[in-house]
Amino acid sequence: MASDQKDIMLRWCSRFCAAGSVLVLLSLYIFIAGESLPFWQQSKVASLVSSQWQPLDNPPVFGFGIMLASTLWSAFGAMVIAVPLGICCGIFLAEYAPAWLSAVIRTILYILTGIPSVVYGFLGASVIIPWYERVIGVPSGESLFCASLVLSIMVVPYIVSGTYAAFAAIPAAYREAGFVLGVSKPYIVAKILMPLAGRNMISAVTLAFGRAAGETMAVLLLAGNTLDLPLSWFSKGEPLSALIALEIGTAPVGSPQYHALFAAGLLLLLFVSSINFSIYYLNSRGKS
Amino acid sequence: QPAKDLSIKIGGSSTLAPVVAKLADDYTEKYKTWKKVKDSFSDEPIAIFVATGGSGFGVKSATNGTVDIGLVSRVVTEAEKQKLPNHKLYTVGYDALTIAVHPQNPVAKVKPNLTKDEVKHIFSGEIKTWKQLDAALPDRPIVLAIRDLGGGASQAFDEAVMKGTPVAKEAIQFPSMGALAGKVQENVDAVGYVSTGLVQQNKGKIAVLSVDGVEPTNENIVSGKYTIARPLILIAKAQPDERQQEFINYLLSDTGLKTLEDMGFVPAKNK
Amino acid sequence: MGRMFLWGSGLLVIAILAAIMGLLIWRGGAVLSWDFLTMNPKGLFLGTEGGILPAITGTASLVAIATLTAALPALLTAIYLVEYGETSAFAHAVNFIIQAMIGIPSILTGLFGYSLFVVTLGFGMSLLAGGLTLALMILPTLVVLMRDALRAVNDDYRLIGESLGVSRQYQLRRVILPLASPHLVSAVLLGMGYAAGATAPIMVTAAVVMSRGSVSLFNPVMALPFHLYILFSQHISLERAYGTALVLVILLLILNAISLYLRSRYGKRVVSYD
Amino acid sequence: MIEIQDFAASYGEKQILHTINLAFNGSDITALIGPSGCGKTTLLKSMNRTAELQPGFRASGRILLTDKDVYTVKNPANVRRQIGMVLQKPIALPLSIKENILFGPRYYGGKTKAELESIVEGTLTSVGLWQEVKEKLNSPAGQLSGGQLQRLSIGRILAVAPQVLLLDEPCSSLDIKSTQMIEELLLELRSRVTIIIVTHNLAQARRIADKTVFMAEGRVMEHNTTKQLFEQPENPVTQEFLAF
Amino acid sequence: MIEIQDFAASYGEKQILHTINLAFNGSDITALIGPSGCGKTTLLKSMNRTAELQPGFRASGRILLTDKDVYTVKNPANVRRQIGMVLQKPIALPLSIKENILFGPRYYGGKTKAELESIVEGTLTSVGLWQEVKEKLNSPAGQLSGGQLQRLSIGRILAVAPQVLLLDEPCSSLDIKSTQMIEELLLELRSRVTIIIVTHNLAQARRIADKTVFMAEGRVMEHNTTKQLFEQPENPVTQEFLAF
């Protein structure tokens, strides 16, 4: 049977491709870790959290304190705004909105996820910052808060669609089981549906957090890029991603600064990967 | 890959990149193909690419050969020169870093002249509000706008003014001179070191302060009286290929220097 | 009260999109013209006048390279995961790694592309380096979307195939791929949109502020998102930044709309019996 | 106890039920049989006003519970509370066994802690679960077997003290033993509530129902004592259905 | 024709089938009955080696097809081709009616165009569809009704000329008329292939099966002629099952 040979060929080709894809992707870890190796060999762990970043001094000083703090502020801040909004909206779409409105809003969310981050950053910097300066009366509006604001708009669709999917996946029988007891809808949502959707909602929020933490263009344009340790949400700061985008172009290949930037990349990578891993763990544990 | 050999890649200083980009555009517009530049060349269309990223990017890319011409707007250090043994440096002009503020900032009227020390104290963060600079000024914080560390401007400013004193950490870093100038145009409380080129480009939108009684006029820059200045340099290969040489010649020609001047810089021949 | 909050959250989403699109169309529409789409950037500062043609062709070339490089390996990987690997430990590992890679920030893909393609392999800043970086960026997304497209095909079709004793390759060719094709195409379109909008990965691997001359693999290119970034951040022209943003968003909307249409129009045929 | 008068219902354009007239006696068990898709579930759901949760549902006619038309009640929750319904698939709410029983009572409120405790024990005893679960009242209800779960579902309804109990194929996913237990339970409950049960299992109808209603294509074809209907069906459609 | 010897099977830790011994005669129809979950489907799928497509499936013992153990065949596709299986839900491959029939034959190849045409006509005739569909052989099979589709599914299997035909509740989603047609078809096919049919409908087993196997909890409880098994069941479990 000639077809059998084709089958065997396809089987091997596909396995080869799967291995290849994984290898290529793994090499991302290897490269970033490898290029940062000289940095780890030369620096103390304390430098990780030091808030000095002076790559051009002699000798240069590299501490990631400012960047780590900025990344956390902007990403957590985005969650503070996006989580309540996203969960409400997800529940609204799944349980309350008329079918047509739900479909319209979900299409809109789909469109919003398709708008590239540079456009969000651009609109944020050209509209939100001047507005923020005017309303709050601060001399200069770039801040982690503004970055969070724009990040929250960027990640809210992930939370909404995660919440929506979690609720939509609950069999109608659970709602019926509530309704036949003559209780109200909010009671059913709170006592039956929320617990059932809980785990999936958490993984949607975690996913969104990872996105917010790794996002570059929007924070580059909005966070202010100062080398000062941000002590509040309304400070300026320079998240890890912005640091890399700002300095990788000028760092001479092989210089201490170059390796330090890859070290920053590795930190970001480990941070986001651990989030991804926890989602995967959460999901696989939930299924069994 | 013959196309690779014929194209010219240029990159570096965000101050100089717009000038070179403009000239490259004029050049391609004028000649279209290499054959029209010189009859011995083949009939290939002219292909020129200009990247930006700051003077640091210019030095780095010229060193490792990813660009054919590096753009730098600061002094190239000896250490850097040693890594560029097969290269030739052309100073095409000069730029001054003006102490620039928003035109509506009262400092432009109340205190149009600062001493270098005052400038230093402003940028180091010792003077935090305009009122601290002069009692007649409003009690509002000063917003510092600086180039990021890879920019030529930040190094030139350090040499001319700060002399090793670190710039205040609250200073907002901008990835290009254009962005820095933009902040000064938008924000009444901002002060930054803006290239004369951008001041000329944005006439009326940026006010400039004198330093130690010297205004950053062309004459003062050329004569060296205004000291916060920096050279504009092309790093080319010592033996560029013929087409690159043609284009470098064009950059250094009168037309080239005229464009540089039109864009607000001081061309090298004036000095 | 609670109900108002729920409706409010839904309406807010509509308001956000309306505000974004309204702003882009209002401010960007003013500069949008045939010349804007077909001319090179001009002006004393390039970009203050003229158009964005090289950025459009640059983005198109980057997307083309990324898609051409990533789509086939992604499809084969997805086929492996769904049709051949099934429950093997290797397939689990592949699945896990690909899934984890989806969330990798694009700036890190850019960093990797820079160190691998630009520095180590010596491609320099070039269309090739940028396109391959984008290919890496979209690969995991494509695999997952394609995997789900194949998984959505009702298992009973496979059971029929198996009980007739025909091979998986035959089933794929005659039944599974034709059924999943709208979803597969939709996945590719989505990947294209993702690649077209990415800025961080091309900033140090491919994008320049000015390019003249034909597009070629070893030369850098201009690109729409990067051009937008430069126009805005260097204060070259806010109007033209809005115009560029509008062009970019319209381009992505078209890609996404087709992708959504394919999925909803042909979505049911994957799972139903007729 | 509950009476259906000239009732008709449709989903969108499609009419599902045509002028139904039926009366159910207080302490009877009535079985509702008929081919798949004939409208049995729709009829049950119309009676406790859960059908209207489906988009496009419209109804006309009256359904009287102790002489009051349930469709004139403003808040349908009040109707649902009085006309309880057990679904085909046993469902554990994501709560403990105890909280499953108290789901309704807690919502209606006004009970002391001791009263709630006695509701739990009383209800679980009446559905024959108390002995089996009294040690693990606080463990998740999801752990129970299908048959236990279906009895728990019935208990959950009984805990809000309905007057009518509707059951939609309550045994179709259960094994023989569990089915027997449910049937016994229904026979016991019959003195307290009016019971209407939809079943595909004709033997089950014969075993437990006093009356049987045969429906086809959205109409009541025959309504009679179970014995009469199975042994001497009057309608030829009933005859064919029972014969095959 | 097909013989099962000491066969046992499990999914992961859970043993589903326990030492099954059964022999099926060449031209018999055998019905396989038993409570839900007792392992009927698993047994069928084990016979044509599709059970092993499920993760965690393990089997021991022998299944002999004309004295050759199918579990010693290297490529299971060869077994599946000889032991065809019809699924519970009628399914149209997303191809034309004609191509549904030719799905197997085209793969095995080596047929001329004329031969393929005659396979289409012959098969459709034998499943009683030819008259109904000969005008629209090239239209999508999805258009057919449930009953037609189930006959098409049977035809699709017959087109690869299996020796054994397994059917897993083939009529459970069909109406009375379609069920009758399938039953007639099986009675006709019985001279050509060994037929084993799983059914929940005991009346159906009585109508068409020569032999009946009663299974419970993964074991064969009774295997006898249909008449004997229904009228004088020997095993008390069988008695309970039939009585309930």
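General remarks:
Which chain is which? They are A, B, C, D and E, in the order written, and residues in each are numbered from 1.
The rule is short, and it goes like this: a contact is a pair of C-beta atoms (placed from the backbone, for glycine too) under 8 Å apart; a residue touches a chain by one contact, two chains touch by 3 or more.
Not measured: the values here are computed from a predicted model.
Using mean Cα coordinates as chain centres, the one most removed from chain C is D.
Farthest from chain A, judged by the mean position of CA atoms in each chain, is E.
When the CA atoms of chain D are superposed on chain E, the rotation angle comes to 175 degrees, reported as a multiple of 5. Counting C-beta pairs in contact across A-C and across A-D shows that the higher total falls to A-C. Chain A and chain D have CA centres that are 48 Å apart. Separation between the centroids of chain B and chain C, computed from CA atoms only, is 36 Å.
Chain A has residues 1, 3, 249, 253 in contact with two or more other chains.
For chain D, the set of residues touching two or more other chains is empty.
Multi-chain contact residues of chain B (touching two or more other chains) are listed as 53, 64, 174-175.
Within the complex formed with chain A, the chain C residues making contact are 2-3, 5-10, 12-14, 16-17, 20, 23-24, 72-74, 76-77, 79-81, 83-85, 90-91, 93-94, 96-112, 114-116, 119, 136, 139-140, 143, 166-170, 172, 193, 196-200, 203-204, 225-226, 228-229, 232-233, 238, 241, 245, 248-249, 252-253, 255-256, 260. Chain E contributes residues 35-36, 176, 203, 240-241, 244 to its touches with chain D in the complex. Residues of chain E that touch chain C in their complex: 48, 50, 53, 55-56, 76-81, 84-85, 87, 89-95, 103-104, 107, 140-143, 149, 153, 156-157, 160. Contact residues on chain B toward chain C in their complex (touch as defined above): 1, 3-4, 7, 9, 11, 14, 17-18, 21-22, 24-25, 28, 45-53, 64, 66, 174-179, 181-182, 185, 201, 262-263. Contact residues on chain C toward chain B in their complex (touch as defined above): 40-42, 44-46, 118-119, 124-125, 204, 207-214, 216-220, 230, 233-236.
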